[in-house]
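What follows are several structures.
You will see chain A twice below: alongside chain B first, and alongside chain C after that.
Right, the complex of A and B next:
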């Protein structure tokens, strides 16, 4: 499931970002100033709608939101724990 | 019920004469006491500090949180800005609170976040407060949302007269904080963060005065832009962000405003100095303290 989640999240980030640089799964979203408060709230909303996963305040750690790859892993982990 | 203002107003003899002229000018249709100062601040120190903090910390902190902290500390350095006008008098706030305006995706509402005692809070605490409030707004768990809906459902004529009556009384006397909706009156400043790259470039920003006149100060950060400057006889590209501050001439004058803006720029140019040693130590080790506020 992770590749699919990753692709969906990557598409979302690309669509909602104004940058001339290419964004990949490994792009540092914090270093490149892509992950701001608006983007974070948009992602929280998108993840809830797309996968039914509720991200909580404890999830707002830089290590979870640094790359699309890490974010996809967070979504998958929360999805599995919520369905278990 | 909480009283946000000091009961005794600022003494007339201590108030600059020029401010007194604005203070005692006729009200509606009279002179506009608004002063706006637009400046620029270097972006690299903010960016570098945030990258560094987010590398070691366990809670995402951003420009908004840094801006709130800087405004809180600037209010502590310049207490003459931690005031508001009530009628023809100027009252000081008891604490240095900062109010942030936010707008969430998919929501047609400006939501306010109050950060109490922002001058004393660590950056992590400010980030926790703001994220908690934004999440509560996002999930419609903040009781303010229900209160706002209740007020919106009131008949138009009743709503109009209730608001006018409240503002009329508030114009005469320092009023306490009654409930959740009006708790945002407990701050003299409204902070707007438009520093994200999705916003168009900014040359100036002058928000209107709030109808209740509690916000005598407004601080807005715009999106960064690349600018070429001369350094050592060479052209050099630097990133700068516009900083727009709106103030009230009944409370301060242009010189005082320039000092306030200088302080803000100085604090944001060296964010590390705003943090205590305790903050730097705990950023990498302490767990984030998230408690969703209970729904009433």
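Right, the complex of A and C next:
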């Protein structure tokens, strides 16, 4: 599931930002000023809508949102734990 | 001595056409000598609280003495600048930082008019703001400049240790202290003219309802170029309190961490920040050894969430505030002790402010009846810069038409019942959705657009509907990209929908309410179906 989750998130980020630099799974979204408060909010709502996971508490930390890869890992972890 | 603080004063007059003279309606008058200016208050505070911490960031703690020295140095450079005279509009294009604060009060000491230009916005928008307010000089961060100075740019290192004699007295200056950008009732951007009296009266009113003290350390997360952030900055500095700067504050866990590790005593923010804080807290209570209060302003917070947050942060107090840029910042406050019972209200006018609810004929309505909310006080703006017609449309005999519908309840608190003119507020920014349509129409003149607000989990979001009369295909993804490129970030719609025909109301106009309903439906249908 992770490759699919990763691709879906990557597509979302690419669609919802404008930058001349390519965005990959490892792109630092914070350092490249792609992540702002509105992008963060939209990503959280997108994750919750697309996969039905609830992000809470310490999930809202920079280390989960710095790259698409990190966010995909978080989504998969929450998805598995919340469906168990 | 810290060498890391540096400002760049850039001249914008090169190549500019000669000034055609003041616009026919300026609103500029000399400041009466009997009335204090921001500079008077600033000098008094710097003298009284010289050793107290004014600001703190990753580079260290800075005293009021430091702030006084650097603002004075900046003021001296401005006064000696060829493009500066009393009343000159000076732009401030800096993020929240000690440099911003030093520059702002430096402009005040010099007798200039401060014009904050948001640093992270499209260049075309900045150019528009610079042009419409006739900026002569622009102050930016000079930290990473390699050159010492150039013909157009003067670097000013903020490492002064004394205050020049010439800066120890306040110069005669104009009534106008600053211009703040906002959206007007028809959606076009406007520059609000704020006088020294506006700012001083509003800061003093605020400290009568919020427990601001010189010992305060407020986390400065709201942008200073915006009315709320500007108010937080001035309220604290002009009362001898401290401002704390930190990075990565857009993450609620980082924000909570900053509040604790930097021993912050207060946080003032827009509803979206507190919604995120609630998510980060989950069902846990806030544990803080230093926080005394939080306050929400710059938009409507869902009453249930306000009550929930007040409960979870208790005994830290939680205040609900209401205001607008045209009123300098804040107009009303719901005290912390009333939030549980009255969270659907904005409380009462703050000291020095009066409210009046009127019907369409301009006559006051009875308590409980809904009407248009008017406000009066020394904090009400002078008007919109270079826009007498726009100014007269909202200012009548000293009363400001807030554009909100409201009613007064039996205990004397006011409830906002909606907007008169379709303006929305997102992340503290007020604008009209048809601003978006107007921008897109210029780029795609054959396509029709309608942007409408819709509610999603207690927040206001935007949906853009598009229709081509000849049914030429429209790509929603391309529309989204255009919006990201052309619009301020907070104006970018979240939902894009191409429709075959417009729903019309009984007046044969586009049925905005129906579009909002469709947007909510589309948004809901995209939610994950747990039963699937």
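Some observations on this one:
Just so it is clear, the second predicted complex is superposed on the first by the 83 of 84 C-alpha atoms of A that agree within 3 Å, B and C clash if a C-alpha of one lies under 4 Å from a C-alpha of the other, contacts with A are read in each partner's own complex, and residues count from 1 in each chain.
We take it that a contact is a pair of C-beta atoms (placed from the backbone, for glycine too) under 8 Å apart; a residue touches a chain by one contact, two chains touch by 3 or more.
Since the structure is predicted, the reported quantities are computational estimates derived from the model, not experimental observations.
By the touch criterion defined above, A:65 reaches both chain B and chain C. When both complexes are overlaid on chain A, the residue A:15 reaches chain C alone and has no touch with chain B. In the superposed pair of complexes, A:76 makes contact with neither chain B nor chain C. Contacts of A:51 after superposition: chain C is touched, whereas chain B is not reached.
In the superposition on chain A, A:35 contacts both chain B and chain C. Applying the stated touch rule to the two superposed structures, the overlap between the chain B and chain C interfaces on chain A comprises residues 17-18, 30, 33, 35-38, 40-42, 44-45, 56-58, 60-62, 65.
Residues 15-18, 30, 33, 35-38, 40-42, 44-45, 48-52, 55-58, 60-62, 65 of chain A are the ones touching chain C in the complex. Across the complex, chain A meets chain B through its residues 17-19, 30-31, 33, 35-42, 44-45, 56-58, 60-63, 65-66.
Residues of chain C that touch chain A in their complex: 120, 248, 250-254, 272-273, 276, 279-282, 284, 427, 456-457, 459, 477, 480-481, 484-485, 489-490, 492, 494, 526-530.
By the touch criterion stated above, chain B contacts chain A in their complex at residues 47, 50-51, 54-55, 57-60, 62-64, 102, 104-106, 128, 130-132, 134-135, 138, 193, 195-198, 288, 290, 292.
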